[in-house]
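Presented below are the structures under discussion, each in the form of structure tokens.
Paired with chain B in one complex and with chain C in the other, chain A is shared by the two complexes that follow.
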Partner chain A sequence: MRKRILRWTIGIGGSAAFVALFVWAGYRMYGPGDIGERVERFQRRWAPFYKGIGDGTALNYWTFVGRGLILTLEAAVISILLSLFFGTLLALLRLTRNPRLRFPAPTVVRYALSAPATTLIQTIRSAPLFLLILYTFIAAPKLGLQLTALRAGIFALTLYTSCVLAEIIRAGILSLDRGQFEAADAIGLSYVKKLRFVVLPQAMRRMVPSMVSQLVTLIKDTSLLSIITVTELYRRLYIIQQQAFNPIETFIVAGVIYFVINFALSTFARRLEVGPSRVGGASAAAVQGLGVEDQTLVVTEAAAGRGRTSSHSRTDP
Partner chain B sequence: MPLTESQSQQVLRLRGISKAFAGVPALRELDLEVGPREILSLIGPSGCGKTTTLRVIAGLEVPDGGSVEIAGRDCRLLPPERRSVGFVFQDYALFPHLTVAENVSFGLDGLHRSERKKRVAEVLDLVGLPEMSQRLPRELSGGQQQRVALARAIAPKPALLLLDEPFSNLDPQLRRQVRHEVLAIVRASGSAAVWVTHDHDEGLIVADRVVVMKEGRACQAGTPSEIWRSPQDAWVAGFIGHGDLLKGTVSNGRLVTSLGDVAANGIPEGAEATVLVRPEDVVIVEHGSPGTVVRRHFSGSDNIYCVQIDGTLLHCRQPSDVEIPRGTEIKVKLKSDALPVFS
Partner chain C sequence: MIGEVLTENLPFLLEGYRNTLYLVAVAFGGSLVLGTFVAVLRIAPVPMLPRLARVEVEVFRNTPLLLQMSFAYLGLGSLGIRLRPFTAAAIVLTLYTGAYVTETVRSGIASIGPRQIEAARSIGMTFPKTMRLVVLPQALRTVIPPLGNLMIAMVKNSAIAASIAFPELLYQTQILDSRTFATFEVYNGAIFAFLTITLPLSFAVSRLEKKLRIAR
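For the complex of A and B:
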């Protein structure tokens, strides 16, 4: 009982303190002057979001921003899809020298495939994404490639994220029991089938959390494309706040938009994780970083045999 | 060189297999043969190379030297998936994300869809799990998982089945029960099998032929009763267990020990030698060597009495209803004259 009172006190007190801080910050932000002046300033600075700017005859505020959002999503979705593909490819290339995967080629070939992949992954991962974006944009024309700013940006984002994902995927694959690879070999699966049906399905499920966090980072990093003139979400908001004279409010709105996108992605990913419930054992749950409640959920679903019905990912070879 | 009859019939021939890990030899010039439908058990203490042998046969390890021939094909450099072997792993290594049926059907790559379905049903029937086909591995008990692993291994009808300590993850009681089932399934599958175990009892029970391994070599091969009745040396006798080694000296063609004498089997006069005495070889008599009962192991069906005679300890098997209190003075002698003798 006392514990509960304490908990409530801390909860309400904490929230109250937070709200107070917020109100204080707002009060300072819309100063100086008396309260009436401050409220008036508050209204003026938030007005562009529902009234538009200027006399309202110019391009509609949200149409302008919405086009940026579409560009951002375009860059993000294309980069995500390409990175997933190239990340997996790079990871597999890097792993060709690993004896566990038994890549069917002579040792020389395996090293010849794995060494460049390793070098690429290590180099790109250690470069700042900012530099990669700038460099691609500047260097591509010199190589005779006529890339639009958006394409140059997508290229840089994909390159970087592929290399980071490659390491995540490699770690995921190597986290599987050695017995899984050997069992696949022993029952006669070819290299491709072993990856397709045994290794990747298990590894991918274990990797979902780290992958999602990398993809969330990618979405946020699309804002870096603004430096090479891509008029994506951040760039447009930046332009518009210069006319509306409300940078703080604009960037709060920007934050909220990025949050909504990423929250949607995380929520979707969480459903992916828990849904199939075909993950191997408790260790997998640990790799997934599921909370205790989530783990219980997985277990009870499995016990009830419900997990499978939701997935329907029957993989008939 | 034309193949002789016996060569062409063997399912497995290992010749002079060597394998070292980081310079430490695991197998030294190992030879091994398995005939059709034969169940061979490889027994030996841990670290003797029996699991390595199995992995070399399966192609999971590449030997440093020697030849591997499976069903008449030279397999030394073939990858595991092309060797026609089935492998039952110690920890089963079932695919956790696939159902039982999927686990089994993956090995049936070459078959047509309908045939594959039929074979899966057939094999699951054979291992007694027909109604479990849509379950996931972790929804099964340990014994059931074991049988799925077995089903997966035998489904493609491999020439040779390899079992690596198949029961080490089961508790002893379950182990005894599952052993008979597994043995029956292996026999019914028609494949030859190599069965690795460190449990010498299990090795003797399941096998047509036993190979005892020590330090990377096969040190004795024979039928279970040959191994049991005439171990090649004191080490094998000690490993097979359930016996005491009595020392003695040979005189007049007899090995004389503190418990009487036995046939010396050609060991030269005056030499020191050892005789293997199992508990059932020791009988309690009116006139014999005097000893004192120091311990009793009651195992339900038997009493094993530990008798001290001149400073040596000897075990003597008696029916469970024969109760002899500790400290009792008794007289014992050897039941038989023909016991295994080692120089």
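For the complex of A and C:
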């Protein structure tokens, strides 16, 4: 009984402190002044979201923002699709050296193919995406390429994501049972057929959850394109905020938009993950016993190291 | 490839390099502490707090880091809470990576099995004691490699602090580029500088991974 009281005190006290922090922040945000002034300020700063800016006739607020959202999603989807293609290509190039795939070429050729791919993957993956975006944008004209900011941005996103996906795909391929490769060779499939009918279909299926979480990462990362003047979601909200003088409110709204999209996507990814890569029932039960509602989340390969793939398959934040 | 611009401005770039390292050191330390604490909160046998912890994690994981940076620097600044760029960047990186640390530590906790916890509880250990003496020492050990990966990711993410004018490596690079127009030289140098941080880290992580795998 005493214990239960203690628990409830901690729980309610902690939550109350949390809520109080927000109430206090909200109260301060619209200060100084008496309550009437605060309410008036509150209304004025939230008005742009339903009334628009100025007299509200120039351009509908949400049309303006909506176009940015479409651009954001477009950039993310184009990049992920391109990266899927180039990522697979890079992974296969890197794997030419691997004896398990038996790439039909002399050793020298296999190394000549895999070494540059490996270098590229490691270099790009180790550099900050933000740097790559700026670099592409600034360097492209100096190379005589007339790229729009959006294209430069998509190029950088694709370059980076391809290299990240290449490692995921490589790990996915290597996670397949050795017998699969041997069986494919035994029935005399050519290299291409082996990949097309045996290796890639299985590997890709295992990688669907990582793909989706990579898409979430990409949607977040497209906000970096705002720095190179692409008028995607974040940049549009940023511009509006400068005219409406409501940075906090705008950033909150921006956060909500990104959150809704990404949370939906990552919940979806998590649901996909429950299938084959699930950690044994014992640990799921352990978490349940500890009172965690969402046991499907207990999955990453880190758990007990039972995962089949290496660290590379994890999508970085 | 290494030309005059780089050699002449080396101290300028090294200052950025040092700032990057400093930012990552502070923020990663912070995110380890915060992330572990929130991970424990998520399974604490008290009402409501686990849910709040979950909300915190999901919010920081699902919104762009750039947005969080702007929020802390410009947004709070507009309220009169003027943080220095370093403080804002360190807080935001701590919270952002902390959310990922929480999920990682949680998977580590899940991996050690229910018997340990049941045993600890049945000999009369309190929940905090169970966590501190039984669960966390084991859980943290299993998640060292993924935590290393988070650190690598943080080194890369720290470049976003350039957007709020914290003079870290990328910011210094941008300035140097706009001063000298030696774009390729300067940016290649910056990529190389980032590689000198991230490559040894990822090498260490894969070594650790192999070691831990054999030990198991």
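By definition in this document, the second predicted complex is superposed on the first by the 241 of 317 C-alpha atoms of A that agree within 3 Å, B and C clash if a C-alpha of one lies under 4 Å from a C-alpha of the other, contacts with A are read in each partner's own complex, and residues count from 1 in each chain.
Following the convention adopted for this analysis, contacts are C-beta pairs under 8 Å (C-beta built on N, C-alpha and C of every residue); 3 or more make two chains touch, one makes a residue touch a chain.
These figures come from a predicted structure and were not determined experimentally.
A.B. asks: Check whether A:Met211 is in contact with chain B, with chain C, with both or with neither, and answer first, second, both or neither.
C.D. replies: neither
A.B. asks: By the touch definition at the top of the document, which applies to A:Ile168: first (chain B), second (chain C), both, or neither?
C.D. replies: neither
A.B. asks: Looking at A:Ile154 after the superposition, I want to know if it touches chain B, chain C, both of them or none. Which is it: first, second, both, neither?
C.D. replies: neither
A.B. asks: Which partner chains sit in contact with A:Leu90 here, chain B, chain C, both or neither? Use first/second/both/neither.
C.D. replies: neither
A.B. asks: Considering only touches as defined above, state whether A:Leu195 meets chain B (first), chain C (second), both or neither.
C.D. replies: neither
A.B. asks: Chain A residues in contact: does chain B have more, or chain C?
C.D. replies: C
A.B. asks: Let me test your reading of the model: by the given contact rule, A:Arg7 touches which partner, first (chain B), second (chain C), both or neither?
C.D. replies: In the superposition, A:Arg7 contacts chain C only.
A.B. asks: Can A:Ala75 be said to touch chain B (first), chain C (second), both, or neither?
C.D. replies: Touch status of A:Ala75: no partner.
A.B. asks: If I apply the document's touch criterion, which positions on chain A are contacted by chain B in one structure and by chain C in the other?
C.D. replies: 279, 284, 302-303, 305, 314, 316-317
A.B. asks: Please give the residue numbers of chain A that touch chain B in the complex, ascending.
C.D. replies: Residue positions touching the partner: 102, 104, 177, 179-180, 182-190, 193, 197-198, 201-202, 205, 276, 278-281, 284, 302-303, 305, 308, 314-317.
A.B. asks: Applying the document's contact rule, which stretches of chain A touch chain C when the two form their complex?
C.D. replies: For chain A paired with chain C, touching residues are 7-8, 10-12, 14-15, 18, 28-29, 122-123, 126-131, 134-135, 138-139, 142, 216, 220-221, 223-224, 226-227, 234, 238, 247-248, 251, 254-255, 258-259, 262-263, 266, 279, 282-287, 289-294, 297-300, 302-306, 310-311, 314, 316-317.
A.B. asks: Inside the complex, what are the residues of chain C that reach chain A?
C.D. replies: 42-50, 52, 54, 58-59, 61-67, 70-71, 74-76, 78-79, 96-97, 100, 103-104, 106-114, 117-118, 142-143, 145-146, 149-150, 152-153, 155-160, 162-163, 170, 173-174, 177, 183-184, 187, 190-191, 194-195, 198-199, 202, 205-206, 209, 212-213, 216
A.B. asks: Can you tell me which positions in chain B touch chain A when the two form their complex?
C.D. replies: 58-60, 79-82, 85-87, 89, 91-99, 102, 105-107, 109, 113, 134-136, 138-139, 152-153, 155-156
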